[in-house]
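Each of the next two complexes has subunit A plus one more chain, namely subunit B in the first and subunit C in the second.
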Partner chain A sequence: MNSLLSIEDLRVSIRGLFPGTDRIYPVDGVSLTVASGETLGLVGESGCGKSMTSMAIMGLLPRPGGRVERGRIVFRGQDLAGEDMLKIRGRDISMIFQDPMTSLNPVYTVGEQIVEAIRAHEPGASRGETRARVVSMLGKVGIPSPEKRFDAYPHLLSGGMRQRVMIAMALILHPGLLIADEPTTALDVTIQAQILYLMADLRREMGMSVLLITHNMGLVAENADRVAVMYAGRIVEQAPTSELFRAPSHPYTRGLLDSIPRMTDQGALDPDGRLNAIPGMVPPLYALPGGCKFAPRCQSRTERCDSEEPKLFGLANGHSVRCWLFADGGDRRV
Partner chain B sequence: MIAYVVRRLLGMVPSLLLASVIVFSFIHMIPGDPAQMMLGDLATPEQVAALRESMGLDRPVYVQYALWLGGVVRGDLGNSIFFHQPVSEVILDRAETSLFLAVMSIVLVIAIGIPVGVISAVRHNSGLDQCVSAASMFFASIPTFWLGLNFMALFSVALGWFPTSGFPSVLKSGDWSNLRYLVLPAVTLAAPNSALIVRLTRAGMLDIANADYVRTARAKGLSDFTVNVRHVFRNSLIAVVSALGFTFVALVAGTVVTETVFSLPGVGRLVVESLLRRDYPTIQGIILVVAFLYMFINLLVDLSFALLDPRIRYS
Partner chain C sequence: MRFLFRRWTALLGFLFIAVLLITAAAAPVITPVSPQAMNPAEKLSPPSGLYRFGTDNFGRDVFSRVVHGARTSLIGGGGVVLFATALGVLAGAAAGYFRRIEPYLMRLIDVMMAFPPLLLALVLVSILGRGMLNVVVAVGVTYLTRTARVVYALTLRIREEPYIEAAVAGGVSQAAIIARHVLPNMLSPIIVQATFTFAFSLLDLAALDFLGLGIPPAIPSWGNMLSEGRLYLTRAPWLLLFPGACIVLTVLSFNIAGDALRDRLDPRLSRSVEGV
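And then the complex of A and B:
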């Protein structure tokens, strides 16, 4: 498989909240790859390290205090640690964010803000040509009368329109990889679908890869080719999307899927199915348990889970799971 | 926009009226009598009474107010009891010093406060930032008379770079080099006010630095410099500009101590001296003019917000 991005054993630390507290590790030993043209869904609860992983890729860890402790991030065969990230950000790897209402600078027109991205990477670009490119991109992301919207300030646009502007800004230089961090979470449900269709269309058209970060399993099911599930800074399960939904293996993944309300065929809430929430809470990063990080909430835990952290065990069909249940490559689920 | 300005200007009228009523009644509550002050202790009660009558001070306060207000409406602030000339001329005379001083100080405040604040924010928590914070606290805390006297001792007396005191009029002599008289007072006034702007700029920038759109700007591949100037600083300007507006008015009218230290013929000293002389018309005139200036600068600050933030529109 021709991988565009590969992360190898990434460990990220940030400074503790208060002076004198230890550094915490929001990302610890994450390895994943994104192939050319592929969409990888990175799923997990808030605080599981998925956004921190994306910030590490962008070289935008919080400063001061955030740093990569271990591991490599390789993009198009180059270790990003040795690259000038100013040249890569926005040109080769772009990002869109959760909240389009606050992600655009209120004091510049949306056109100016997209032009800025071009100017940062092509200082010689002429004014007229740049404007034409931006207007055409605004049209491409489905903004009506783009010529007029170029001069609009963000507060005059709706949330959906602003997210389209963010997408136009991210894609204006045809990046190889788009990191979409909860791109639809802040939008109305009807707008969510529009934005997702748009992203899928543009991905096909431009042949780029997408790292889709979300906590929404439904979103992943429809949009990702493969899925990686994160918990407490680690990837606990990774598989092609259909495989993951056919045979969710890690107790955490199963818990996540069980906690989605089920519908009957008639579209009503299933009267027999109880909504099974995962018991307990995500442990804080400064007080992680010693063995498997999910053990305290796990219904299948054994003594071994408390003392020893499992590694990722490979299963068939490109499926891997970080759980002792699969230590021999087999499924010993009870 | 024009309609808005007109409405704001009209809205100043009741405020000014209220200010004048308050000032007028407070002044007349102060014990002491201008006629007595002018004639001295040896005057007979008859002489004092005669002068009071000729000055109109024997009439009820509300009549005096009505007469004064009638003059103000026609652009006449009355005559100064002490200077025996129109109050407007007295104020204009002193306004030159105050305005030159205020402009020189505010230029220094902007030139020092904003860049230092920006650097302090960009390098926040560094050694440099801590030095700047310490210096800001120092200059914000020391009294201006102490700073002024030390500047005078160092730069005027010991080094002889600047004159010690006074301010010969630039407008009357046409000699712009007279502005050198105002350099030390301007620096003295700029010190605590710059310190304030440094802190405000720093705090504003650190606040904005965590905004989502700053993250977006970085994700575009913009350099730190561009991000800090175009995105962080630009958005923190609103708080800084409104503080600069208030500072400017305070520099015009509220610099009694510095004016006294450097013996400058400014408006601040005129207020205090007129109070001591019970020069009612002069005090009332100054307060009215300063109140108007305050409201006017406030209006300018509000209008500048529309330039700084496109979300703000006046109609």
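And then the complex of A and C:
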């Protein structure tokens, strides 16, 4: 497989919350690859390290205090550590954010903001030509009468329209990789679907890859080619989407899928008729358990889980799981 | 109705400011008598055909002095605004952006804010000495603290805005982000602050003049005129009426104009945008 982005054993540390506390590691030993034209879904709860992973890719770790401790991020064969990220951000790798209501600067028209995205990388671009490019891009992301909307201020547009503007801004320079960090969380469900279809269309048309960061399993099922599940800064399971949903293996992934409410049956309800939930809470990063990070909440845990952290074990069909149940390719599920 | 009323007052405010600016610029042309010319025979005479605002205790033309005083006041207030806004924006933005110097800079500003403005200005004038420039600096220092506070708070808020993050993710450089995203988003609060600074500094400049610590008495200013005229309050009320009215109307006009500007400059408050 021709990989566009590959992350190798990435470990990121940030300063502890209070002075004097130890450094904490929101991302620890993450390896993943995104192939050309592929959508990789990165799934996990709040605080599992998925956004911090994307910030590390963009070179935007919180400063002061955030740094890459170990590992490499390789994009198009180049280690990003040695690159001028100012040139790469927006041109080769761009990002769209969760909240389109606040991601646009209220004092400029939407057109001017997209023009700025071009100017940041092509200082000499002519006015008329830039405007034409922006208008055509606004049309491409499905904004009606783009010529008029070019001069609209963000507050005049709805949330869905603003997210379309954000997508236009992110894609105007035809980046190879789009990082979409919870791109539809702030939108209505019907608009979510429209935005996701739009992103899928544009991805095919422009041949780019997408790193889709979300906590929504349903979104991943429909939109990703492969899925990586993160927990406490680690990837705990990685598989092609159909494989993951057919045979979820890590107890955490199974817990996540079991806790999705369904309209049709009682599948997600426990015997008392309440929603299934994974017991316990995500451990805080400054007090992670010694062995498997999920062990304290796991129903299949053994003594080994408490003492020794499992590595990613490879299974068939490009599936890998960080769980002792699958040591040596076996399946000791009960 | 309210909208119409706002428009009317704003119109009047801008009109008065325009008249004031023209008057101040054309002062020598429109005054028939020099503001310094004394005519003891006509001293303390009420407003008449030649002396439209009457004369003072030396027989000087009050109209001429009020018009020339407008010059002094506008230059003084303008100087304070420039000084306070330039340094205040610099200090506030620096404290908001470079967190290392924030404790020192902002505590210094807090200490300065702890003094009543007029008292601080008095102290500074007594250190610096009298004179137009020194008075402007003294009053300017007291107002830069307020601008710095406002800008500091705005910088902290704006630097965390998602659109800043989005711009950074789009590859926009730090300098361009400050110039194109951070500062423009503070522009309207800064302008509003500047109009208030102008209005209040006029009062402080007049108060310093009144106390005899401001602009030297030889230069006609509204504050000096109030100071000199207060002895003749019952015999010649026009000595206080005209400069006093000028101060009130100017302060009021700048406040109204500041509000109107803020409404106009904030796109979220604008009522319609063509074509949308």
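Just so it is clear, the second predicted complex is superposed on the first by the 324 of 334 C-alpha atoms of A that agree within 3 Å, B and C clash if a C-alpha of one lies under 4 Å from a C-alpha of the other, contacts with A are read in each partner's own complex, and residues count from 1 in each chain.
Here, a contact is a pair of C-beta atoms (placed from the backbone, for glycine too) under 8 Å apart; a residue touches a chain by one contact, two chains touch by 3 or more.
Not measured: the values here are computed from a predicted model.
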{"item": "Superposed partners subunit B and subunit C on subunit A - clash or fit", "value": "clash"}
{"item": "Partner chain in contact with A:Lys148 - subunit B first, subunit C second, else both or neither", "value": "second"}
{"item": "Contacts of A:Met95 with subunit B and subunit C, given as first, second, both or neither", "value": "both"}
{"item": "Subunit B versus subunit C as contact partner of A:His121, first or second or both or neither", "value": "both"}
{"item": "Partner chain(s) touched by A:Leu104 [first = subunit B, second = subunit C, both, neither]", "value": "both"}
{"item": "First (subunit B), second (subunit C), both or neither touched by A:Met169", "value": "both"}
{"item": "Those residues of subunit A which subunit B touches in one complex and subunit C touches in the other", "value": "58, 60, 86-91, 94-95, 97, 99, 102-107, 116-117, 120-121, 153, 155, 166, 169-170"}
{"item": "Residue ranges of subunit A in contact with subunit B within the complex", "value": "58, 60, 64, 85-91, 94-95, 97, 99, 102-107, 116-117, 120-121, 153, 155, 166, 169-170"}
{"item": "Footprint of subunit A on subunit C - complex, ascending", "value": "161-163, 165-173, 176, 180-181, 184-185, 187, 267-268, 273, 275-276"}
{"item": "Residue numbers on subunit A that touch subunit C, as the complex places them", "value": "58, 60, 86-91, 94-95, 97, 99, 102-108, 116-117, 120-121, 148-149, 151-153, 155-156, 166, 169-170"}
{"item": "Touching residues on subunit B, where the partner in the complex is subunit A", "value": "125, 211-213, 215-223, 226, 230-231, 234-235, 308-311"}
